[in-house]
Amino acid sequence: MNQPLHTQQLNPYAIQLCTLGRWIAQRQWLPAGSGLFSVRTSEHSALFTAAGKDKNELSPADLVAYDWAKPKEQDTATAIHQFLYQLKPQHKVVLQIHGLQATVFSRLIKADQHLFVGYELQQLVAATAAQRSCCPLAILDPQSTELTLQELHQRFERETLAYAFLIRGHGLYVWGDCIDSAKRHLETWQFLIACELERIKASALLN
Amino acid sequence: MNQPLHTQQLNPYAIQLCTLGRWIAQRQWLPAGSGLFSVRTSEHSALFTAAGKDKNELSPADLVAYDWAKPKEQDTATAIHQFLYQLKPQHKVVLQIHGLQATVFSRLIKADQHLFVGYELQQLVAATAAQRSCCPLAILDPQSTELTLQELHQRFERETLAYAFLIRGHGLYVWGDCIDSAKRHLETWQFLIACELERIKASALLN
Amino acid sequence: MNQPLHTQQLNPYAIQLCTLGRWIAQRQWLPAGSGLFSVRTSEHSALFTAAGKDKNELSPADLVAYDWAKPKEQDTATAIHQFLYQLKPQHKVVLQIHGLQATVFSRLIKADQHLFVGYELQQLVAATAAQRSCCPLAILDPQSTELTLQELHQRFERETLAYAFLIRGHGLYVWGDCIDSAKRHLETWQFLIACELERIKASALLN
Amino acid sequence: MNQPLHTQQLNPYAIQLCTLGRWIAQRQWLPAGSGLFSVRTSEHSALFTAAGKDKNELSPADLVAYDWAKPKEQDTATAIHQFLYQLKPQHKVVLQIHGLQATVFSRLIKADQHLFVGYELQQLVAATAAQRSCCPLAILDPQSTELTLQELHQRFERETLAYAFLIRGHGLYVWGDCIDSAKRHLETWQFLIACELERIKASALLN
């Protein structure tokens, strides 16, 4: 009764992030407690899921506040989340997952991006009008945190990313300006990647 | 208590369509709120699901009435539903879905139709006696609304469709003379398409 | 209150068959109400599921008694069930399903049987000691009821079947001496067929 | 009320093992009651799941105590569990499962091990620092119990195994120093194996 109350338990964003986390875990896109989710709480802070936490059991008390005005040691995934929040104030939610198809696709494609063409659902992730007909998904090689952030910086300078990128064998990152759009981007990219992986395999057999 | 009552909430067709919608969403054939369902309510009107609505949470209050005696701006999917209702009075329910196998299959097959042969379950979608042994599935390219309707008109002139067609990368359309038959046609076509995709791939490897 | 009581509702075999039917339907091996299940009730009678019934909603009242001492018009699937009951008194339960992998496998293999070798779980369906190391699965072409029964007769004369056979594109039949053994044979064969389909495809790619 | 109380019902390890068993069964990695789980209860004893038990319905009363100070007839799977407990006191939980991908993978790879490279999640099963970048999965051929134990002995002499090995067509074995680590190793290996199987197939098509 008299336990200290986690402030996150009253935070509606924290509650929504946990609900989304459990939904994602049920899709089995987070094997063995992998994946990292966060939600922005101010210009320079966000709530993060704890490392290794089984997202099927995620509750607001499992979220950890992080303030980048007070820097501390970070792993690469956390640094990427922070980078995305600092890049644009509209970035409110960031999700990293380890779905099977996204993982295999990221290893299979050798180029530094893949162009998605011919799917109606591209319109749900298109960040520009042109991406509705030809939508790029950036693919990076895993590197040190510093080199990964440099590479991301260059990618975003060069073009508008369609709310997602892959790191080969290291997961799919998506983001959005609210919980619902991040979820929509995640579900759409998982669908597009799974379709494209299957289409590429079948096309190689038949053509 | 005193909230205005949605008339759809008393409409048994609306309730059945929502039940079917939630069943379909649980199969994951509607990624990111995609898909469009409708049920005829009169000679010239139908109830439609709202665009982008997550069908896992579909309730009668989410359906939108549309009367084609009072034309208004339409997207292609809505126009196709209207076309099917106007084609034959027996068409009572129309469903569009974005299943992974149907999407990949529609991209893989280059011809304007595919013939299904050798599956016992063809009998569940055969619109003619001949289709029990050889059942065609029409495949259209995505085009403007106007050209799509012209193309559909020509297809229906040429032959009886087996309660379904595909638009490449833009989903599977099925219909029926009641909720149950539309559901049966959907489930059967999803099964036949998934089998045929797998059979084609495996045959290409072994033969 | 005063509705006539279905005698099947008091039949423990009927209740067990319905429980098994719902379990199978949840695995999605019975698309669009397909499949046929039966349980023996005497030397010359059995209870059958009604044609087209969605097995997710199966209850004892949906079962139909059939007595082969009083012959009537039958479809091929029902005739096959009767054949199996008449073949041996130990045959107490017969199941026909339309799983995706079994359907594709039956179309892919051109021979009249396939030999399963190297799976530990073969021991769960082996009808003889030799089948533990090399277990045949018979595959028949779809034919008229009469020719199908003749063919089955010859197959059973020639060898002991491992509690199952396939009819190309027309489903997997399994049987057992009780509900539990029929279920175990079904689940094991579905697993073995799915493994073998995947193994054959992958081997063709790599070797 | 006065039924004899199973001592296992009060054993927290037994309760945890049953909870894990039901979780694994729901993933469909244990077809037809296959698989064997155990938890160490002392230096020379463990609780085992009963042969053929459907793990969806596992309860502590279904576990069987086995003490290797009092040797008795064993099947190969049980002997392997005992071997692992005797090898190192840190081995507290052993799991054997029959997942489809693990079974196919074990048959497809002809070498006596497979090296996993390039997956971030390797870090969750790495037993040494080097395995984070290159993680071997040992694959044994099925043999008599005696030869299998000799072979395992040699493998463990030669190198540190990454908490898992495969026996071709006879399942995946994983272990850990507690229920949670055994579960994490199982889930991670299932993911890595499923990714690698898909990656190998797709690579063979495209390269």
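Going in written order, the chains are labelled A, B, C and D, and every chain counts its residues from 1.
Everything below uses one rule, namely that contacts are C-beta pairs under 8 Å (C-beta built on N, C-alpha and C of every residue); 3 or more make two chains touch, one makes a residue touch a chain.
Since the model is a prediction, treat every value here as computed from it, not as a measurement.
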{"item": "Same-site or different-site touching of subunit A by its copy subunit D, using the half cut", "value": "different"}
{"item": "Separation of mean Cα positions, subunit D and subunit A [Å, integer]", "value": "32"}
{"item": "Where subunit A and subunit C are represented by their mean Cα positions, the distance between them in whole Å", "value": "45"}
{"item": "Residue list for subunit C, restricted to those that touch at least two other chains", "value": "201, 205"}
{"item": "Contact graph of the chains (line, ring, star, complete, other)", "value": "ring"}
{"item": "Chains grouped in pairs wherever the two touch, ordered by label", "value": "A-B, A-D, B-C, C-D"}
{"item": "Subunit A-facing residues of subunit D, complex", "value": "118-121, 124, 183-184, 187-188, 190-191, 194-195, 198-199, 201-203, 205-206"}
{"item": "Complex contacts: residues of subunit A adjacent to subunit D", "value": "31-34, 98, 100-101, 103-104, 107-108, 142, 168-171, 197, 200-201, 204-205"}
